[in-house]
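Heads up, the next two complexes both have subunit A, just with different partners, subunit B and then subunit C.
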Partner chain A sequence: MYVILNNLTIIANIDSMNFSTSISPKIIENIEKQYAKSDLPSLSIGDTVKVYLLIKEGNKERVQVNQGVIIAKNNSQLTSTITVRSNLQGVGVERVYLVHSPLIKNIEVLRRSKVRRAKLYYLRGLSGKATRLKQRFN
Partner chain B sequence: MPGAGIQMMTRLRVADNSGARVVGVIRVMRVRRRTGTVGDEVVCSIKEADPGAKKVKKGEVHRAVVVRGKVEDARRDGSTMRCSDWAAALLGPNGQPIGTRIRGVVSSNLDRSKYMKIMSLCRVII
Partner chain C sequence: MALATLWRLTARGPVQNGLAPRLGQRGVSKWAFVGRIQDATQPPPPGMTVLPNELYPYTRQTRRCGVLGRKAGMMSMIDEATGYHFGVTVVLVERCHVLMHIDHRAQNTTKRWNMQIGAGFRRPHLTKKPLRFHCAKAGVETKEKLIEFTVSDDALVPVGTRIGAEHFVVGQKVDVLGTSKGKGFQGVVKRWGFSGQPATHGSKTHRAPGSIGSFGRKGKVAKGTKMAGRMGGDSIGVFGLKIVRVDPKKSVLFIKGCIPGPNGGWVRITDSAKNYKILAATGGPYPPVPTCLEPVEDRYGSMYDDMTVDPPAEDEIALGHTQVISGADAEDFSNCHHEVAFGAEAEDMRSRRMEYIVYDNGQMDSAAQEKNDLKFQSQTDDII
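Moving on, here comes the complex of A and B:
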């Protein structure tokens, strides 16, 4: 029995594998590589980013732009996520995006910040000038 | 930050300009469900209202739809949204919004067939 992707690529020959040991993680990695984006910019905590999201409303498609600060990042290959926090109409909104999603057309980094934390959850309790982050130039 | 949802006694901010400011949930209109989330209709009473409000008064019972919430509001592509508060828009007896403007952000997960008017009144739909 073979694991075939797109009817073209034989990824693994399951018959010849020894199932008494654990299945190699390479199989999942090879499958995920087909869907992962290779052109993502490097995203760090504290970056101000613009996320261009494809929205489908009935038949129409349009691109919605969301700008905010990355306050959390979760690295897990294909299901890696970033949490982008912004203040819209006086309401604090956090959106968690799957960065390899085909609905995300582009992620543009506008500004990098110097932060001393891996997660910026402290920003939830602050507003206005207290949420300013020092800019980083490297 | 993630919570269980809203239930009886939960205070919701009012997102429209009907005159009410805060409502208290009496009942979440879901069958066999104790907690409500974004997009649910609730029965609520007005706890705080503007003194000069003409459409609503403190103590009145109305229906409302929850337009944004502090819990994760999932999208079909796997992304989620959460807001800094719970807010609702008051509905009249015919299911149409009482207010003429919506303040703040509205979730795009609202049922468009029922709440098209609310979606068209608000400025930001996420």
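Moving on, here comes the complex of A and C:
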């Protein structure tokens, strides 16, 4: 069935199955790629890491450095997070960072460790020499 | 015409021109569709035939048309200034065109025009003929959904105009109406939030409604008592959502917050009533009235940037996978599915990765043109 109006081109499709736009998860994936960072280092559990955070106080901007061990990692494309644990003046501090956030200027990996766990929550109950992790060189 | 004469013969005396008769009055059928009859003394507003050269001012009385979109999913965005992290719904504004102006000035209390907007795409061989010709009369492809918006006179848009994502502006607020997800037959705890009964300590019931009335209430159960039943599948409105980003090329809106319905569901997006006050205070960019005058050509809501399509090569044509038919030969279309494309849409369809037959109407000779006109004359008469 076709309709002809004045001087208009008519195109007949044999395969019309590909014509309609279907809503698929690829749409969101393609959009998230615009916001995702491509220059991130590979981060794994047990890495000792320096996170360079941008802090804005009014008009001034400064970069704050936090160093610690990655004890947890959550992979979910744009909202991927890492939990970094450090010991500040005898107090254990954990902080969760959104890895693709524009406020994180840089992540530097200092040391990799050999761990046999996906999450290192057991470090919360340990202190001092017991929290040492064996280094990995590959 | 018969209806107009009947108006004057009612028992209550002559009816003035411009006033619609009461349906069910003597001589007037209850099912008469009176909405289309126009008042001849007032000319139609200028926005109906032609778009203005400049945008009209956005006033408190302005009421623009909305848009039909499809919910594509949710993602998160991070505000660069503050590091604030929030969720955002992605809505695909899928092929919205103005199909019709409906005069409801005699009917509704606001005395305004309604604009009918068609959205989506439905394969023509699956669409019923009245809808096919209704869309063809407006010069657009067959639509899947039709909705009406009540619109003020300065926000009227001529028939056939495309309304895309650029109709909305970053920072404005919108109201979103959608059909919520169906949950099926649900009990009283999930459906109404009742707390149920204790799990232990000798209790025999756990998720029952408990009492449904008292003797003092006339000894019967009041209408509207909350009970178990079908939950979901209702038209739900979420109001005052902010637009965070507009992508006109891919016809996508990023709306902050959650929207009813599943992914792929249709949602109706309109300007929020709160807009004027908020935008007047901030002096922020006002939404364009009647609509954005510089429309951006998009791939009709196609999100796949990497899906670049080449037209078929000459080898493919020779093999018979695609045929090029021109002139009066292309009369037998019985073996094919047919899509109808007009103007720019035709160019767009050529570039997609599909087998197709091209029929160029411009080269038709007069004999074939007459034959075609005769073929469709009886059908076109019906819609006029």
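One rule holds in what follows: the second predicted complex is superposed on the first by the 116 of 138 C-alpha atoms of A that agree within 3 Å, B and C clash if a C-alpha of one lies under 4 Å from a C-alpha of the other, contacts with A are read in each partner's own complex, and residues count from 1 in each chain.
To be clear about the criterion, a residue touches a chain if its C-beta (ideal position, glycine included) is under 8 Å from a C-beta of that chain, and two chains touch if they have at least 3 such contacts.
Values in this document were obtained by computation on a predicted structure and should not be read as measured data.
Chemist: Applying the touch criterion given at the start, work out whether A:L133 contacts subunit B, subunit C, both or neither, answering first, second, both or neither.
Modeler: neither
Chemist: Looking at the overlay, what does A:A72 touch: subunit B (first), subunit C (second), both, or neither?
Modeler: Neither partner.
Chemist: Looking at the overlay, what does A:R124 touch: subunit B (first), subunit C (second), both, or neither?
Modeler: A:R124 contacts subunit B only, not subunit C.
Chemist: Can you tell me whether subunit B or subunit C touches more residues on subunit A?
Modeler: Comparing touch counts on subunit A for subunit B and subunit C gives C.
Chemist: Kindly classify A:G90 by the partners it touches after superposition: subunit B alone (first), subunit C alone (second), both, or neither?
Modeler: After superposing on A, A:G90 lies in contact with subunit B but is clear of subunit C.
Chemist: Where does A:L43 make contact in the superposed view: on subunit B (first), on subunit C (second), on both, or on neither?
Modeler: A:L43: touches no partner chain.
Chemist: Looking at the overlay, what does A:E32 touch: subunit B (first), subunit C (second), both, or neither?
Modeler: Second partner only.
Chemist: Contacts for A:L103 in the overlay, against subunit B (first) and subunit C (second): which applies, first, second, both or neither?
Modeler: Both partners, subunit B and subunit C.
Chemist: Would you tell me the residues on subunit A in contact with subunit B in one complex that are also in contact with subunit C in the other?
Modeler: Shared contact residues on subunit A: 79, 98, 101, 103.
Chemist: For the complex, give me every residue of subunit A touching subunit C.
Modeler: My answer: residues 1-5, 7-16, 18-23, 25-28, 30-32, 35, 56, 78-79, 98, 100-103.
Chemist: Residues of subunit A touching subunit B in their complex?
Modeler: Those residues of subunit A that touch subunit B are 53, 55, 66, 79, 88-98, 101, 103, 121, 124.
Chemist: Would you tell me which residues of subunit C are touching subunit A in their complex?
Modeler: 70-78, 80-83, 85, 90, 92, 94, 121, 123-125, 132-133, 136, 139, 252, 263-264, 300-306, 333, 336-343, 346, 349-350, 352-362, 372, 376
Chemist: Looking at the complex, which residues from subunit B come into contact with subunit A?
Modeler: It is residues 1, 68, 72, 77-85, 87, 103-105, 108, 123-124, 126 of subunit B that touch subunit A.
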